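In order of appearance the chains are A, B, C and D, and numbering begins at 1 in each one.
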Amino acid sequence: MIIRLKQGVDPNSINPLLGALHAVFVPNGVANLVVTPSSVRDLPEEFEPFTDQYQVFDNDIQLASSLYKERREVELGPAVIGRDHQNTAVIIGPCSVESREQIRKSAELVKDLGLSILRAGSYKPRTSPYSFQGLAEEGLKLLEEVRSEFGIRIITEARDATHIDEVIAFSDIIQIGTKAMYDQGILRKCGKTTKPVLIKRGFGSTLQDFVQAAEFVLSGGNPNVILCERGIRTFETRTRFTLDLCGVAWLKEHVNLPVVLDPSHAIGMAYGVPDLARACMAMGVEGLLIEVHPDPANAKSDPAQQLNHQQFRELFVTLQELGNALGLRIF
Amino acid sequence: MIIRLKQGVDPNSINPLLGALHAVFVPNGVANLVVTPSSVRDLPEEFEPFTDQYQVFDNDIQLASSLYKERREVELGPAVIGRDHQNTAVIIGPCSVESREQIRKSAELVKDLGLSILRAGSYKPRTSPYSFQGLAEEGLKLLEEVRSEFGIRIITEARDATHIDEVIAFSDIIQIGTKAMYDQGILRKCGKTTKPVLIKRGFGSTLQDFVQAAEFVLSGGNPNVILCERGIRTFETRTRFTLDLCGVAWLKEHVNLPVVLDPSHAIGMAYGVPDLARACMAMGVEGLLIEVHPDPANAKSDPAQQLNHQQFRELFVTLQELGNALGLRIF
Amino acid sequence: MIIRLKQGVDPNSINPLLGALHAVFVPNGVANLVVTPSSVRDLPEEFEPFTDQYQVFDNDIQLASSLYKERREVELGPAVIGRDHQNTAVIIGPCSVESREQIRKSAELVKDLGLSILRAGSYKPRTSPYSFQGLAEEGLKLLEEVRSEFGIRIITEARDATHIDEVIAFSDIIQIGTKAMYDQGILRKCGKTTKPVLIKRGFGSTLQDFVQAAEFVLSGGNPNVILCERGIRTFETRTRFTLDLCGVAWLKEHVNLPVVLDPSHAIGMAYGVPDLARACMAMGVEGLLIEVHPDPANAKSDPAQQLNHQQFRELFVTLQELGNALGLRIF
Amino acid sequence: MIIRLKQGVDPNSINPLLGALHAVFVPNGVANLVVTPSSVRDLPEEFEPFTDQYQVFDNDIQLASSLYKERREVELGPAVIGRDHQNTAVIIGPCSVESREQIRKSAELVKDLGLSILRAGSYKPRTSPYSFQGLAEEGLKLLEEVRSEFGIRIITEARDATHIDEVIAFSDIIQIGTKAMYDQGILRKCGKTTKPVLIKRGFGSTLQDFVQAAEFVLSGGNPNVILCERGIRTFETRTRFTLDLCGVAWLKEHVNLPVVLDPSHAIGMAYGVPDLARACMAMGVEGLLIEVHPDPANAKSDPAQQLNHQQFRELFVTLQELGNALGLRIF
């Protein structure tokens, strides 16, 4: 249940009511909210003095539900996505920051194509301890350099809660990776900022769990949440994961958050990325996240799935044509 | 291993060599073939007199492999799909033939939009014995009527081997359904005709199994095989199935057969079909299979996933725009 | 809804009522039944004269439901399984009948250990056309020989509906394989016999679909149905399939049919079969199906997963110890 | 590759060699180790002075591989598990610590049955923000009380890296939950202690990923790692998860770490826990983890899957009988 508190209700008078209900106080501009478990179907008596408006939900997708409010919008620097803005963020860059030279080339490509946002990981959540783990703070510094020089925005990922503060302080858009989707140390910190947060679906996570991860951030007070589908694990292993566009259709119907798609991690092989990226574009989502590296064969992580610059330039032409056909502005 | 027999080699001299190898003789126009298990890496001595050309494969995807030959083409009545023809068959119609009136309305829609092929099931492979099982022979007769009257083609499905002969004799395109993909009674019969055969991927089938089902038909002597992805079963059950476009990208890279996509069965809910159909169109495949019913709410099977005529007409406009943007001709 | 017809009601007076409801007449000894779709919640008026007893169900698991009747029993030759009989059928034998010598050795092992039932396939539903497809009729003849000579029972499989009559006529227990679970040509024929039918769960089939396959046979009039869990397809591919014992616990709670487990096909590797077979025994099910071959390394199908005779003898000792601990009689 | 350094080699002389290789120095008693990525097949020249023994592996399961060393042993208080000790830890307790009274009852049951280890969560990694999140530090204090009073051991879970230090300091056995399996903030801290660490398999994690999580802890210098299978996510949703005993058989064959099984979380329903627990016991693993609550109906988390005390007492009798039959000592 989402309870809309009357203006001027003092949070201190509400706090004592929350614990017994497992309810959460959500700062929300002029009219603060309290969200209870969805199992609460009737307004608890003790809230009656503080509200004259509440809404019941079938499950714990509440703040993110399209029954609660129309599609949300999120400002991503030069453009706003969501609502009926018809803007599509095409976000590119390498899997990992590897060196100054590499990341400058990536930033140049972003700039040269008129795009706005560079992606690159600095804390890599690898599955093996015997592999490149990212440049950590050193990587953030390199990203800082290209951000200043090229005037672009950066999205980068926190691996776990031990360095989430640094990543929040540094990023323009904070990425929560597929392996960290359930990490409450990260989710709760992201609820305390107002920077945009892109949550990647856990590859073993249902849509319900996925959106509930967003509820952690939304209920923390940050309304700027973006969902990113990047492939789920299925019995089919000839491709690395299975991109779940049926799930995206479900999200567009039932959830009020903007959606971004990552075809690169889904298939895990560069050959399929252009076709998949076009399919994602035709789904009419708010953004694409595509791995592009100046020299994929020598990348320190995910070499097989990154497009080289020429391959991306060719793909980009067709994305623009599709955008034109569908009335979507790429930025 | 595919062994290309010299012209004029008598099949009767080859037959005695096959059994010990588990090899198959494949009639193939001027130059007949023998296909052995892929584990055979060196030309068996006894075949040396009969061939001067053979090709080794890594697994039992052989006749269907893009290493064997370039993308195949299949004639579907007024147009040819596959190869570099850039033709896209948009195939529509109800889940089941239910009545003369219903199927005439469907045929009129096909005709009115300038399309060519009507889909409709007459032998329904339902999972429950307590549900509508299709009109059987009666349904085929109704389909025959609209085929004659409207000059359109029909694709319909065999449920099992007990009526495969009737379905082969009747159909313009024979459909092998998702639950019958492993049915050798059906696959082997389809290898003996030259009518186009559309094989739907089993919802629990790997890409390897899927293409090997096509190998049964191809090795039977029928080169006109089309693969249809229609959603696989995953842990995500908020949608009926999960459409596997990563798998489609893999097929386009590794397999020489045309591909058709069925978004209706994948998501199982009408609300998502238009977005998914556009995504499928943007994948650049050879066809779409979409369930459209004159009155979905009263359909005798799959009421939730069928578009009504008006909904399809609106979708069709955008499919044409995408086709124009991508250089694809819809028929 | 299961409607129990009054004694003496003429089926001819019932038949005209069935079609409109998609209901099925089920011969059932003294009191015949009609089963309607579970969506029927109130007794249809037209049935009122013919019944004074009916039962409503939440879904189309009806005749197989533990809400309909207590656990069923099925006679398997020398012993009866199910109900509270505490009998466990340990069924062994090779994947395929390959030769007289091989199948005689298998039959000798069955006899020597005091077991009763031999398994062996003659029509193999292989996924590749370029592999051993079984000895077909020739295999049935070899099985007939050892049945007579050793006085044992035979369970063997139909691949598709083209030879289901031969398999029904020949077998003591008819096996419907995992790839044929949805084959109505087979299921409906099995409903017309009274021989025991063992249905293997499709590796992509939900428990709901699995039990509904049994409903096809039960509603055809054959009450002697056994369910066999043999592994489902999951994202884990280091083993061939994933044996679903949680699903077995669900079946034991909700379904009235005896359950048999096949650990060999589940893991697909001989090393794991003994531990898994012991786990299956400890689940307290009505039978085990284990692949045992006199010379696995040279088996013509599934060489990796078959135990040799010595391996099985060692396993058998521990199965007997577990049976003793749990009060189960092996036959 | 695992490189065994000669005795007395100074780590400071090794450290500079690691980075370029993505190799890890592993303290290991008398003979320290360096582990490189498994892609390194030949001993790097610069290591030649420091070693005369190294071993190559096919993949990044190295320290945990049964090719590296025989089954490891881990001391769990009163008994040692692993190797050929034939000891089985039966670990019980509620999902969450809820109150002093509740956890005292649980501890009494442990003590009364002669068991040694109590499980209970204090930081609950819930999927919804609108549900009971555990008592946090307060819960640890209550656990501390019963540990002292009853002389039992405690296993409890860290939710994320923000409180891992507290959990490590407090626990006798540290549990890494299914949603935290990839959390390197947790894994790396657990590598720095020598307390036993039980890693639960991520429900979307392959066996390869699962064992690689253990490699993070092992390569950090902590050899006391236990693997816990607790069910994976599959298309079957009539049960909460699917317990993967085929995977357990694979672990027993290929991995040198003790294995514990959690049937409660796998099925998610109390009715199936006894049968599954017996199956797990018969697999011959090193431990069981079973949720038992003094009053399941009023539990604040997971009410459906917890056994009450009487139900567990009945199960325990049969576990002991199975233990006797199989030569396993329960503690």
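Definition applied: a residue touches a chain if its C-beta (ideal position, glycine included) is under 8 Å from a C-beta of that chain, and two chains touch if they have at least 3 such contacts.
Because the structure is predicted, anything quoted here is derived from the model rather than measured.
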Handout entry: More contacts between chains, A-D or A-C
Key = A-D
Handout entry: Equivalent interface positions on subunit A and subunit B, same or different at half
Key = same
Handout entry: Interchain centroid distance [CA atoms averaged], subunit A/subunit C, Å
Key = 48
Problem - Approximate Å spacing (C-alpha centroids) for the pair subunit A, subunit B - result: 37
Practice task
Take the average of all CA coordinates in subunit A, do the same for subunit D, and state the distance between these two points in whole angstrom.
Solution key: 31
Handout entry: For subunit D, residues that touch 2 or more chains besides their own
Key = 204, 206, 208, 232-235, 237
Practice task
Give every residue of subunit A touching subunit C within the complex, in rising order.
Solution key: 233-235, 237
Fill in the blank from the handout: Interface with subunit A, subunit D side, in the complex: residues 22-24, 35-38, 60, 62, 125, 127-133, 159-162, 179-180, 182-186, 202-206, 208-209, 212-213, 215-216, 219, 232-233
Exercise for the section: In the complex, go through subunit D and note every residue touching subunit C. Expected result: 204, 206-208, 231-232, 234-250, 252-253, 266-267, 269, 271-272, 275-276, 278-284, 318, 321-322, 324-326
